[in-house]
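Shared chain: chain A. Partners: chain B in the first complex, chain C in the second.
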Partner chain A sequence: MAATRAFDLLLAPSWQASEMERPGAVVLPVTGAAILIAIWGFASLHYDVTILPSPGQALEEGIDLLAGGELIFHALASLQRLLIGFLIGCAIAVPIGFGMGLSPFFRRMMEPITEFFRYIPAIAMVVFALIWFGIGEASKVFLIFYNTFFSVALATEAGVKHISQVRIDAVRSLGANRRQVLQFVVVPSVVPYAIQGMRMGMGRAFATIVSAEILAANSGLGFLIFSSREFSRMDTVIVAIAVLGVLGIVIDRLFRRMTRMVGGNYLPSEMG
Partner chain B sequence: MHAAEFIGVKKQFGGRGEDPSPPALENFEVAIREREFFCLLGPSGCGKTTALTLLAGFEMPTAGQALHRGQPVRGPSADRGVVFQGDDSLMPWLTARDNVLLGPRIQGLEKAEQGEIAERLLKLVGLDGHGHKYPRELSGGMKQRIQIARVLATEPDMLLMDEPFAALDAQTRGQMQDELTRIWSSSRRTVLFITHDVVEALILGDRVGVMHAGPRSSIREIFPIDLPRPRDRTDPELLKIYRRIQEILAEEVQRSREG
Partner chain C sequence: MKRILLDRVLPYTLTVVLLLSLWEMGSRMINPLFFPPLETVGESFVRMATGDLWAQVLVSLLRIWTGFLLGSMLGVLVGILMGGLPLARGMLYSVVEFFRFIPPIAMIVLAVSWFGTGDVATIFLIVFATVFIVTINTEDGVYHVTRNRVRAAESLGANTGQVFRLVIFPSTLPHALTGMRVAMGNAFSTIIAAEMIAADFGLGFMLQQARVFLKTGDIFVGLVALGLLGFATDRIFRILIDRCGGEYARVA
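For the complex of A and B:
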């Protein structure tokens, strides 16, 4: 199932031409956002600022937080955790995914582990992480790692399983030994799958960062959200959510660009 | 010594015990001569591709031997270059030029030599100026030209071609047959060419081996084609052999239906 899912993602429209090239590329999204902000503005007229601040009040708070440096401080704290956990996750998941794809022996051994943890969300692991890794950075990094690992490992495995036998035969009859088959066919074939797994993993890791920062932290966007609750600073909460959303979009766009740059030519012709 | 030889070859697919399918080849015997263009022709499902995979070393015979220069084939080797039917054997992440250079790179050739080889072979297959393109930017015919260039780059002793033009439209196919004749005439390597197209076999081959319908297939008859190249598809001599082979094939198909 993991295999087909990774496959579907490969076929997703992110491979196609940039969305900016289509007609209405700017007008339509701007209209959508404007409608949301209008509804929010209208609703805020009826509520206290501690329940629902107006867009203007939120903007003002955003500018204050930005000028005071807090916003950047918290965003950087979250991003740093995200990046460290993500990189460790990829560094371990890619070789394990390769191993699972290449060796049925290793796959059978790993399968109970991957199948079991696939459906356990990171938030269920929060307490476990706190007890084992403490209230410092390590527990947050662990949760990000946890989320990255399974997506990337399973996608890499799927990539190895989908390698075309004809291409392997082709390089073998050009004289390739086992190591060269890996170098010239297996590794490049897996690249687009691994990148898609990383993109998925990053999405899930992003969703985790807030929960990781809820319980014990003194920095990060999640911390900003939860500490604001105590003072009923809904404007701060909204600013933090907005920054999270923007960061998420930016990171996903970066991945898309990367897949197009690196991955485009790695795709089999029937997919490109 | 023959360039390649099949001696008493039997090939049966499938695991032992459960549902043993009848062998694809049985008592399959043929000897391919030095620098000969040998076409193996037969109705679909007759096991002609199976014979090629045995000589390529992708599969091992169940019984008997596939020999290359008198030595049993033990696995794939750059001595026996393979051109596949589908163009999906090209690496989509490499340009045409880099696909051609796969073999030389695997063999660890110097950069300078690589450049010379790429230019020469792209020119030979009529694709100079297209080296920077990726497979998805090339037509079906062009992709098969790249496959041919790629296999020639390692200077194999023998070429194994598995219906390389079967997926092309009729016009491109004819063009590719003429091109292959020209390329082959300039280098004169031993070729085993698999096809189900009678005209193709007659245009290309020094000899055409016609197979029985499968399963348990073997060679039924070998036709020498002693006509100068390039050959004319309407040559009366060629048409005579064409009719004879068509009769045989019709018989074989009929027999396998009654079978």
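For the complex of A and C:
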């Protein structure tokens, strides 16, 4: 009985299912991944290691890189750049976003900058970054800053604009002073938006740091990928790619959890 | 009239004048190679506009559009499949989610080893940059179709095909387009990085050349061209989303 029910749920179009059930929360994803790896393994039989290594070879290389410490070294190098650029970007973008949300004049002053640069991908700025800051750390940190700044500033501005006047009036009528309005209404309403912007900025920064490290660096996961090209070590490349995917998911989930934690009942319905 | 001048024109001009004078100061006091003076940028533009700027732009755009269309079609198909069939959703969701977080440019070494440098490798990267985000958004659209609309159509006698065509598809379309708009942004940054590394023509290649030969004026022209293209494409998508959405629209 239970089996037929599960079978119905799996094959019936989802819009016909009466409740939002998600059958096989563990079994199905594992099966999906296993099928994919099997296809990969089968395909790798027909190609050379320098084109497509087998899952086993990649796993072996992954263990080697982990044991040798290279993987952690390069991952930490990338993460360190990300974190520094990200923190500088947030530290500057949040106050500016607040200013843009509060003062229309200031917002219009910033608009030529935000509107022009948001359509220029950060990676294109790499050419200027390399000329201005050289191939060292500063150019990468600048690119991450560039990525973070626009997302966070615009998100913070949106957050300030979405503060509901009713809530402000409510606390005021209960006798709150300016500082209390700021503390209990303004900041909690803006924070979820700002974090959402940080999450998006971080996502883009992640792609940018890899490109920048591919173009000019001597450490980091992007460098690991590009330097493996010379010896056609595709197994190393695949390991680095997999690590990037895992790191990306972990960072994204951290931000989502943060949004839910700090947002609380101020969370706009479309987030989280 | 005076209000408009004070409210809009004044702040815009203030910033633009401030930026331009900072730039001039940079080029005079620091290094004209770092901050090319405006007349150098002008010269670069005239030389490039009469040269191969348009051809480079066209090649990049063709690569973007080919990869983008292929990736979007695949993404919409898989997304509908996943949204419609819980079996497909259960098996593919984690896999797609994992690939979505891999920066497309990280695939470049594999792409070059599989397809060599040039068009196929760069288009592959654009497909990679497009397909997963479109899949996730389409899937989300199908999965969150308002159930009462489906019930209403069914109680009026619609069969599965009609439910799909008249309810599911139109309410999913805005989601899919939103995903495509994000994907287009990714495609733009991916193509630049890809052409810098693995192509001998296109905007990215042009920027890389300009960097190597320290022609900062050329870089500036390239960046502005890129910005304008990105802006125009984004506006087209916004209009499309507004048009196609109709009463189902949910523009993010």
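Please note the rule applied: the second predicted complex is superposed on the first by the 238 of 272 C-alpha atoms of A that agree within 3 Å, B and C clash if a C-alpha of one lies under 4 Å from a C-alpha of the other, contacts with A are read in each partner's own complex, and residues count from 1 in each chain.
Quick note on the criterion: contacts are C-beta pairs under 8 Å (C-beta built on N, C-alpha and C of every residue); 3 or more make two chains touch, one makes a residue touch a chain.
Remember, it's a predicted structure, so these values are computed and weren't measured experimentally.
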Partner chain in contact with A:113 - chain B first, chain C second, else both or neither: second
Chain B versus chain C as contact partner of A:210, first or second or both or neither: second
Contacts of A:67 with chain B and chain C, given as first, second, both or neither: neither
Partner chain in contact with A:167 - chain B first, chain C second, else both or neither: first
Chain A: partner with more touched residues, chain B or chain C: C
First (chain B), second (chain C), both or neither touched by A:261: neither
Chain B versus chain C as contact partner of A:232, first or second or both or neither: second
Shared chain A surface residues [contacts with chain B and with chain C]: 270
Complex contacts: residues of chain A adjacent to chain C: 9-17, 22-25, 27-29, 31-33, 35-36, 50-52, 104-106, 108-113, 116-117, 119-128, 130-132, 203-204, 206-208, 210-211, 214-215, 221-222, 225-226, 228-229, 232, 234, 237-238, 240-241, 244-249, 252, 270
Contact set on chain C toward chain A in their complex: 7-8, 11-12, 14-16, 19, 33-34, 83-87, 89-95, 97-99, 101-110, 112-114, 142-143, 145, 147, 150, 160, 163, 168, 185-186, 188-190, 192-193, 196-197, 204, 207-208, 210-211, 214, 216, 219, 222-223, 226-231, 234, 252
In the complex, chain B residues that touch chain A: 56-58, 75-78, 80-82, 84, 86-94, 102-103, 105-107, 134-136, 150-151, 154, 160
Residue numbers on chain A that touch chain B, as the complex places them: 164, 166-167, 169-176, 180, 184-185, 188, 191, 265-270, 272
